Structure formats: C-alpha cells, structure tokens
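In the two complexes below, chain A is the common chain; its partner is chain B in one and chain C in the other.
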Partner chain A sequence: MSSSRNKSLARATHPAWTPWFFLAPFLAITAIFVVWPLGGSLVLSFQQTFGPEATKVVGWDNFKFLLRDPLFWKAVRNTTLYATGSVLLQLPLALLLALALNHPRLRGRTLFRLLFFLPSLVGLIFAGVVFSLVLETRTGLLNHSLHALIPAFDPEFPWLSRYPMAALLLSALWLYVGFNMIYFLAALQSVPRDLLEAASIDGASAWQRFRHVILPEITPVTHFVVLLSLVGSFQMFELSWVLFNNTTGPNDGGLTIVMYLYRTGFIVGDLGYASAVGWVLALLLISFSWLQRRLRVRSAEGGVA
Partner chain B sequence: MWVIVGLALVSSALIVAWPPAPREGSPFWIYNDVHRTTYEPFIAAWNRRHPDKAVDLILLHQTALERRLLSGFLSGTPVADLVELERAQAARAFAGPLSQVGFHDLTDRVHEEGLYDRINAPTWTPWISRGRVFGIPHDMNPVLLAYRADIIEAAGIDLPAQVETWDDFYRVLRPLMQDLDGDGRHDRFLLNGSTNNELFLEIILRQAGGRFFDDEERLCFNDPVNARTLAHITTWLTGPRRMCTDAPEYSAAGHKMRLDGTVLCAVIPDWMTGQWKRELPGLSGKLKLMPVPAFTRGGRRTSVYGGSMIGVTKTAPDFEAAWDFANALYMSPESAEVLYRGTGIVSPVKELWSLPIYHQPDPYFCGQPAGALFIAQAPDIPLRTASSYERIAIERLLTVATLLVAYADREQKFTVDELVPEAQRLLDIEHAAIDAQMKRNVFLQE
Partner chain C sequence: MNRAQLWLPVLYVLLAVFAVIMVAPFAWMICASLKNKADFFDALFLPGGNGFLGVAWDRLTLEHYQRLFAEHGVHRTLVNSIFLSSVISVLATLFTAMAGYALSKFEFRAREILTWFVLAMLVIPAPLLLAPGYQLLHQLDLLDSYWGLVLPAAAPAFGVFLFRQSILNSVHGELLEAARIDGAGEIRIFFRLVLPLVRPMAGAFLMITFLGVWNNFVTPQVVLQTPELFPLAVMINNLRGLYGTDYGLLMSGTFVSIAPVMCLFLLLQKEFIQGLTSGAVKG
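After this line comes the complex of A and B, so read on.
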C-alpha cells in the first residue's frame, strides 16, 4: 500500500518523460551531428560526385572500384603495417617504461614520467614537423650527427625515401609511448600489493610475479590500449601527411587509408567514393573491435575454466 | 528543471535575434598573407573613392578558403563576392557540369572588354575549363635560373654567355662540384632538385614540353616527352652525371644550403624572388638570373609554376561592382607596382610591362632588372589546363621519378637512352591508374 503510494508520488513529481527531457539535448545533438551525417555518407557512398553539386547514383560501383584499385590496397597494406608496428613496438616499450617508472626505489620517478609523457602533449603535426627536420638529408640532425661521428657515413642518406614506414613508426613511437605508458602505470598501481607480497613469500621470482600476477591483473587495460592503438593507427593521417610534405610519400610509402580517403574526396572531389572508403574503414574498425572483444571473452572464459 | 528550460529558451531566442555584424563591403577572400599586405593600401584607396562599391578584404588559410568556398557552392552557405584562388584549388572549384560552377562565366565579358588580349595569352589557360573563362589571372609565373654569381663568376665562368642548354650547364659548371671538407663526397651541387621536389619536377617537365593533359583536357600522362624528360632528370639526380641535391623550398634547412653555397643554382618562378628576398636577405648581391638552359639549342628557356586568379561568385549581389573592383585591382599600374615591390610577381597585363619598376636595377640580383628578365620569357610560358585530376597526376609524377631513380641505381643505368624504356613503362602504369579514375567519372563521360 505504502509502496504504491510512493510510486504514484514519484510519478507525480517525476513524470515518465523526465529522463527523456534531460536526454533530449544529447539525443538531438547526436541525431543532428552524428546520425544524420552518417546516414548521409552512407547514401553518398552509393553515389558519384564531381564538383560542388553534381551527384549520380552508381550503386555498388564505388565499392567495386575500391576493391580493384591497387592504390587502395597499398594504403591498406601500409596502414596495417603501421598499426601492427605501432602495437608491437609501442606497447611493450610503454609497458617496460611503466614497470621501470613504477619501481619504488627509482629516484626522480615523477620527473621521468613527465618527460616521457610530454611528447604526447604536442600533437601529431608537431611530431611530423620535428621528424621531417630530424630525418632531412644533409641538414637533418640524424645525418648531420652520424656524419660528424662517422665521416664515411653519407650525409645525404635518404631516411624518409628509403624507410618511410620506419620513419612513421619512429615518430609515432616518440609521440605515443609516454601516453600509453600512463595507462600501464595506472594499471600497475592498481595491482593489489598483497597479491605481490604473497607471491614473493611463496618464492616467486620477479619474472614469475610479472607473468602470473601483474600481467593477468593488467590484462583489461592492455586490451583497451591495444584497441585504442589499433583504432588510432587505422585513422592515421596528419603525421604521415606532414612527415612527407603533404604527399603520399616516396612511392606511396606513407599512404594510409584516411589519406587515400582525403585524396579522393578533397583533392579529386569525389565525395561519394571517399564516403565508400570511409565506410570500408569503419567496417574494418568494427571488425577489429569485435574480434578483440571475442578474444577477450574467450581468454576470460579460459581463465575461469 | 524549469530554470534550465527558461535559460535554454532565452539563450536560443538571443542567438536567433542577435543581429549579424553589418557588412563593411563586398567580402573578398584571399589566401596569401603577402598578397594581403600588397592589397590593403589599394583597397583602402578604392573604398575611399567608391564607398558604394566598398570591398572587405578577408584573409583565410588556403585550406579553409577552399573548404568554405566548396561548402558554400554545395550548400548555399555564404561565400565571398570575390575570391582569389590558387591554381589547384581553382581546378577543383571548376569541377562538375559547367552550369554548376559557382563562379560567373567571364568568357564573353573578357572578350567584349578586350581583357583577353591585354593579358599574356598562355596565362589564361589554368583559369579556363572546357573553353569557358572563370577567372582573371593574377600573375603569369615565368621561370628563370637563379645562380650564385659570387661563386660562379669567381671561378671565371660567365654563365649566360657560356650556357644555352642543360648539357652546356653541366659541362661548364661541373668543375664546381667539389668536395670542400675532404671526406670524399661532394659538398657543392649545381642545381636544386630531387624526386620529392614537386616544383623542380613540374618546372623541368613543362619546360621540356611535357604535360599531363592535352588541350582538350584529356589525359596524356604517358606522353613520350614526359618519359624522355624524366629520364633526363634521373641522370641529374643519380649516377656519374649527377648534379642535383635536395635543398627543400620553404624550409630553414634548404635556406641554409642556399646560403652556404651547397647548391649553386635553382629554377625559380617570379614569386619566389619575393620570398627569397624576405627569407634569404643574406643572398642579396650574390645572385643573378638568366633564362633556364634549354634541352636543345633554340629550345624553350623558361617554364611556369604556381598561379592565382580572381573570380566573382554567382552569389555576389552586385556583379558589376565586383567586376569593376577585380579589374581595377589586377589591371591598374599602381596595383601592379605594389605587387611587384612586395612579392616580385610580374603582372600578366602586357601594357604594364613597360612600367619603370620592372626595368630598374634590383640590388638583390646584382643590379639586374629582374622584372624585365621575367617579362622577356612571358610569351614562351607553357600552356596548362584546369583539371581537378592534375593534383593526382603530379603526385603520380613524384612516384614515377622516385621509382626511376631507384631503378637507375639498382640496374646501374645512367644514360637517358637506357632509362627511357623504364620511364615509359612506369608512366604507362600510372597513366592507366589515373585513366581508370577518370573513366569512372560519369560526369566526364557526358
């Protein structure tokens, strides 16, 4: 009796539409700035555009051409290589750094944390500009220093032309390793101390403590960082664009999927085709997320079993 | 809750009712800060003389200008009445059916008023799409060879007298390719150029008669002239006849190489003289200009790179006022003089070529009349087209050049004749790729 009176009182003071009322601004903004453009781009991906107004429905033609275009596959290959390299290089290094900077006996930990994190504050454009200067032939810091140390070293060695992907990975490593380190650091600091102490008392070595205590404890964060790195890598554009001086790089070595999208949409002016590229990229990212989620669930189930 | 609702309603009403800032004149978008400083005095005077046709100069970043312009054409959001555009942007703005181009078609007007004949003929072509004129050229961008007179003349070489062709250039200057620090490697090179230097590649290709599109805007990327020119360029970039190094434009590193004399010569359009004066004052009195060496005796001694135009958008409420301003800005002697003084850009208006300023000694170029030297090459400027696919073609050109140099190094082939077949093969591949993109454009097939 009392409960039903409370419910009717609550209904009187908070009508059923109240939550929707508060959600309305968010829903309106999402609908206008997310759902509508997404729908528009989906429609556009089945059209061809040329110039500001001309559009024509071409069915699946954009997608068919996309799958046949060797340059698109080159972009996919480069992006996959970059994403793989990023995950395999950045994350272990970030974890190593986090482990080192989490050590209680390390002096100046806060300063080191700050120093490693600082590059991630400056952004991709800055990193691109800095590394394009560092890797410049003849006047670049790297060649200049190497030639000064080893006179036989060719001061005109073309790092950017010869190793475009390595240059990209190196710039991204400098930029993001500190950023990822912070995630791992936070995860490491949340590992229960009593678990580690218990393992130590049981005679576990440092490696065994890492392998059997720390790693399982930080797995959720690791999954998150891997996903974040993969999504970020697949969306990579600015770094490559700036590093290779607003081009796709020597022999398209710096061409990424988003750069391919930009090139077709904003340089050639075919927004329909660019939308198709965007949707293929979105599907790729959704697949990665789904796959990663499946793997995580499976590993969690395995752990329980 | 009602407080939030009230605030939302009041703020929405305020935003709707807030009067837009009054226009101080016809908006005129430009993308170049140097142009802004040269236009401001002219526009101030114009606005005093013609308060009914006042112009409001607005500087935008190049990308922002293009996005706002194309978005405006697409969606009807406000765009300026007058817009100054760079060549690649203009080509994209001209894309699509002619009736849908957002600029006024000026073809009849420029012919009726004699404007077409008053401007250097080859300079019109980037602003013409499918036979229709959409802009008045701001400049003509002829190219000359800038060389370090202090170093070259000290070696007893009179470059203009001794050099007519690129072969002469290499033969005469080769002794100056030197190892200055004794490490067994050259520290001084004859010409600025590399496979990632778009300006260099495009200038040399066009000088040799190469092109990406024919007069009908059909793709001719694999033209045999392009193949032969790329083979030539490759011999300059690698192998025993190498004479180029990469001194990047617009960069401190490249400027240091120019100052140090690491590179002795460069092919530069007129606008770059203004840029060098601003960014490389240390080269004043050390440089001279001369016509670009030809590929064959009697051949073309110039090329072209860059360019801007002014166009009147279809949304301009008063076309005549906008047209009058555009005419006055680009055709007046005062404006041409300020432009040359501030940027080194020579007006494409033929009757202005006799202005004294173009013929005055320029201390930066050892007292040479730089303007007159550029003007002398104006009639020979190569023709260009306004295709939105040109940017892609240039990108592919860089790729072919990179691959060809790698091929030369790998196969140890360093003569033009040895390299031509591979250049042609690479161009054919890229031609097919661009052609596939163009062929699937249903609007180009109509």
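After this line comes the complex of A and C, so read on.
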C-alpha cells in the first residue's frame, strides 16, 4: 500500500526541464530585445552617432549638453505641466463620475460606464487627428458649441496656435477620464457596505462618510491611479505630435521629453544623444515610483489624517 | 434614503450632459466623414434640409470613403493593422502565460531571481529602448520588416507579472498533481488545464495587447519605411501631414481606424474591464 503511494507521488513530480521549457520564449526574447539593447543604450549614451553605424565616443558630453540645452528644459517644463495638469483635472472628475455611477439606485450604470470609457480605446494618433479639427477656430466643434451656448465666447479662440497646453489637457481629459473612472468605480464597489451603514447609523453626513470611510478605503487605488497617470503622461508624445502637425507646437509649447528624444534620435539621427535623453527620463520615472512607495509606506505607518 | 432619492434626477441630468460631451467628438467625426466640403463649413453636425428629422440626407456622400479605399488603399493598411495586432497579441499572451505559469507553479532554484527580474523589467520605460532597439534591429537586419515589430513585442514582462498573479490565485497545486498522476504530459497540462482556468485574464490581456499594438505609432514609424507595410496609425499621421485641410478624408480615415477596435471591445467588454482593474483593486 505505502509503496504504491510513494510510486504515484514520485510519478506526480514534473521533469526538471519543465519550468525552463515554459520560460524559454520569454527569456530568449527579453534577453535579445530588452536586456541587450538596455546595455547597448548605456554604451550609446556616451557616444555621438550619425545614423545607426557611424559612432564617436564623447564621454559625458551628451549629458552635459542635455542639461544645458534650453530646449530640453522647455520639454521637461511642458511635460511636467502636462502631467500635473492631467492628474489634477482628470482624477477629481473621474472620482466624481465614479461616485455618481456608484449611486445604489442609479439605472443605466453599464451604459454610462461604457460611454465614458469609449474614448480610452482611441489611440493617441487618432484622437490627435480628431481633436486637431475639434479645436480648430470657428469650424471646430468646441468653439462652435461654446459660442452657441455663450454668445460672448469668441469663436476664433486660438486653442492650437496660442494655448497648446490647454489644447493638450482638454484632449487628454476626453481620452482618459473614463479610464481613470473605471479604477475608482471598482474601488468604490469594494468598499464594505456594512462600514457605510454603520457610519450612517452613527449619524455621519454624506461628506463625513466620504471623507472618513470611503476616501481611506480607496487610498491604495488612488495611489495606483496617480502613479499610472504620471508615468503615462511623462511618456506622452503622439498626441502632441499630431495635434501640432508633426511640429513642436507654437513657441515649442507642445514639445515633450519623448518628442525631444524622437527628434534628436530619428530626425537629427543621433541615437547616442537620444539614449542619454532616455536614461534621464528613466531615472525620473523610477524616482516617481520610489517616491510613491515611500509615501504609501508612510501613510500606512503613520495614519496621517 | 429620501435625500438620496432627491438627488437622483440631478444625477441623471449631470451624467447625461457629460455623456453627450463624451460622445460628441465621435458623432462630429462621423458626420464630417459623410459631408461634402461646403456642408462641412455650413453645418456643425448634419446639413439641414427637408428630409426626415430636418436633415438633408441626400446631400451626404460616401466619396471620402471611396477615395480612401480607391486612392489611398486603406484596405491594405487595415489588413496590416489587423495582422500585426493579432499576431503580436496571440504570441504575447501565449509566451507570457507560459512564463507566468513557470514562475507561479514550479519550485526551482532560479525562481526567485527570475521573479525579481520580471519586476525589474516592468520599470523600464519604452522610450529608453527606442534608440538602442533601432540600432539592434539594424544590426540584425530586421528593419523595415514585420519581424522587427513582432519579435521585440512578443513577450512583455507586464504580461508575465499579470499571469503569475492570476495563476497563483486560480490554479491549485493539487489539480496539477492529480493531472500528473493521471499521466498527462506537461504541455498538455498547460493547454488543457491551466490556460482554461485563467481564460478571463487571458482574454483581457489579449485585448489590451491588441489595442496597444493597434494604437502604437512610434515603433512602426521608426522601424518601417515601405508604405505598403504601414499600419493605420502611421498612415493616418501621414494623411494628416499631406491632406491637412481635407477634413472629410481625415475623418473617414480616422473612423475606419477606430471602428474595428470599438467592435472588438463591445464583444469583450466585461472581461476587458475586469482584467484592467483586477491587479489594482486587490493589490
């Protein structure tokens, strides 16, 4: 009896190669197309190149030039403005929409959720083409409707040629508010019902319930959504590229960090310099994640109100 | 409860207004793709007339769509986008599910290090690999070919991470052991047992990857040179550059580019949204 049991147990283990067999495609592809170029990018960032072949070692010159280039700082400024603006505009609105859709007696929740979410499926290039026409003076949908609603609004209001950041933030709001709402809605739906009922019985007002029950419960998701928005916004390129017709926009107002990288790498043809820009961007993004983790640990430890 | 009921009508009105705002650009785009140039400037949505609902239906035209197909060969571009998105999303789902399975259900010495490796890969921003990736594809002679787009995208670490979590949660060790005792082979166990158990996750990941490839512009723009190979994002960007004032053409092109993914989403909606939020809400 016991010997046959042992035998079947022995047969129940897998051959030693099994995990490696399942890992092989991932490991091979990642080694060739991620790890290898990652090392290559470290080497490249200390070189000047003219196309993919002609290279010259320049030491720290790329980084030195980068940090002194006013155009790079303009790109950093624009990108930071776009990222903070996106978070401050989209997330409160997304949370409000999620709270509205989470109303227990609301009918048509699925339809509203679908309609709000649909724009997030549209690629940045396609959304950029649509919004480059929506934001057009006079003929565009936005100015036309605003002028019809508020006659004092100037139908010639120059979104694209004078206010590039407003144009970017508006397009991004349309694109992503529903996407962020989905996360908040999922978080709200997982807030325990009895917790809210207990607060109601204790006489907590709607605002008090939101402030002291709902908000703390959804904090992890809020952190996640903020980080996702920041990391995504800091890599924005296509929207600006299409909105301003493959240029940096009026007065370089649509220039972002990745657009700066793309232009130096693939229009000027200096892959070395583009790699240096890539590393600065990577360090920036990694420091966000690190900072966010620190913040989360602190709020979990201290319980700061 | 009474106050909550009082709020409800206000809530409906606000949500409806917001829904109209969100849908308006789509409606405007579709209308613009069906109008001739004069009507584009005269009417905001559809041209007014004596037809049904006060719209001059007979003035609408399909000429922009006809030109898009006849002169600009959008059908070829559409097939390119469908091909690239399908091949990459199927391969990526298969390879990352395999790796996620290995990292969640097997005890072996390198497991911990490899799990850390996957997490480390998650932090690498895609733009960092743009320049060195281009150089590598040049060295491997893969530029201006679909291999150069498919291979680098076929095993994203993000997917390995998702499948590892999902398989840890929904596939029990005893089940695998039972299958082994019954004499099932390892590959058979993966395809017949593990993959069906994480089907919702696989569906969501497939859709997310499909959408990502469909909407990706930078990579094909950098890798491809032959116009016959271009996907829709690259073609539409070029159309915008060359025919910037041809609103009807631009809007019909954009509609053709986003309609397929909308349809796909409507089919897989539930899985997609669940997959999107599963990691965030639990973790």
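Remarks
Here is the rule we go by: the second predicted complex is superposed on the first by the 264 of 305 C-alpha atoms of A that agree within 3 Å, B and C clash if a C-alpha of one lies under 4 Å from a C-alpha of the other, contacts with A are read in each partner's own complex, and residues count from 1 in each chain.
Throughout what follows, a contact is a pair of C-beta atoms (placed from the backbone, for glycine too) under 8 Å apart; a residue touches a chain by one contact, two chains touch by 3 or more.
Keep in mind it's a predicted model, so treat the numbers as computed, not measured.
Contact with chain C, but none with chain B, is seen for A:29 once the two complexes are overlaid on the shared chain.
Contact with chain B, but none with chain C, is seen for A:54 once the two complexes are overlaid on the shared chain. When the two complexes are overlaid on their common chain A, residue A:181 makes contact with neither chain B nor chain C. Legend: residue contacts after superposition of the two complexes on their common chain; A:119 is shown touching chain C, with no touch to chain B.
Once the two complexes are overlaid on the shared chain, A:220 sits against chain C while remaining clear of chain B.
In the superposition on chain A, contact is made by A:250 with chain B only, not with chain C. In the superposed model, more residues of chain A are touched by C than by the other of chain B and chain C.
Of the two partner chains placed by the overlay, neither chain B nor chain C lies in contact with A:172.
Touch criterion met: A:275 reaches chain C, while chain B stays clear of it.
By the touch criterion defined above, A:133 reaches both chain B and chain C.
On chain A, the patch touched by chain B and the patch touched by chain C overlap at residues 18, 21, 52-53, 133, 139, 245. On the chain A side of its complex with chain B, the touching residues are 18, 21, 48, 50-54, 56, 58, 61, 65, 69-71, 133, 136-140, 147, 151-152, 154-156, 160-161, 244-245, 247-248, 250-252, 263, 267-270.
The residues of chain C lying in touch with chain A in their complex are 3-5, 7-8, 11-12, 14-15, 18-19, 22-26, 28-29, 32, 40-41, 44, 94-96, 98-99, 101-103, 106, 108, 111, 114, 121, 123-136, 138-139, 151-152, 154-155, 157, 160, 177, 180-181, 183, 186-187, 190, 211, 214-218, 222, 232-233, 236-237, 240-241, 244, 247, 250-251, 253-254, 257-258, 261-262, 265, 269, 273, 276-277, 280-281, 283. On chain B, the positions that touch chain A within their shared complex are 1, 70, 73-74, 92-97, 100-102, 183, 185, 195-196, 198, 245-246, 248, 251-254, 256-257, 262, 388-389, 391-392, 395, 398-399, 402-403, 406, 433, 436-437, 440-444. Across the complex, chain A meets chain C through its residues 8, 11-16, 18-23, 25-27, 29-30, 32-34, 36-38, 40-41, 44, 49, 52-53, 97, 100-101, 103-106, 112, 114-119, 121-126, 129-134, 139, 141, 144-145, 174, 178, 182-183, 186-187, 190, 206, 220-221, 224-225, 231, 235, 237-238, 241-242, 245-246, 258, 261-262, 265-266, 271-272, 274-275, 278-279, 281-282, 285-286, 289.
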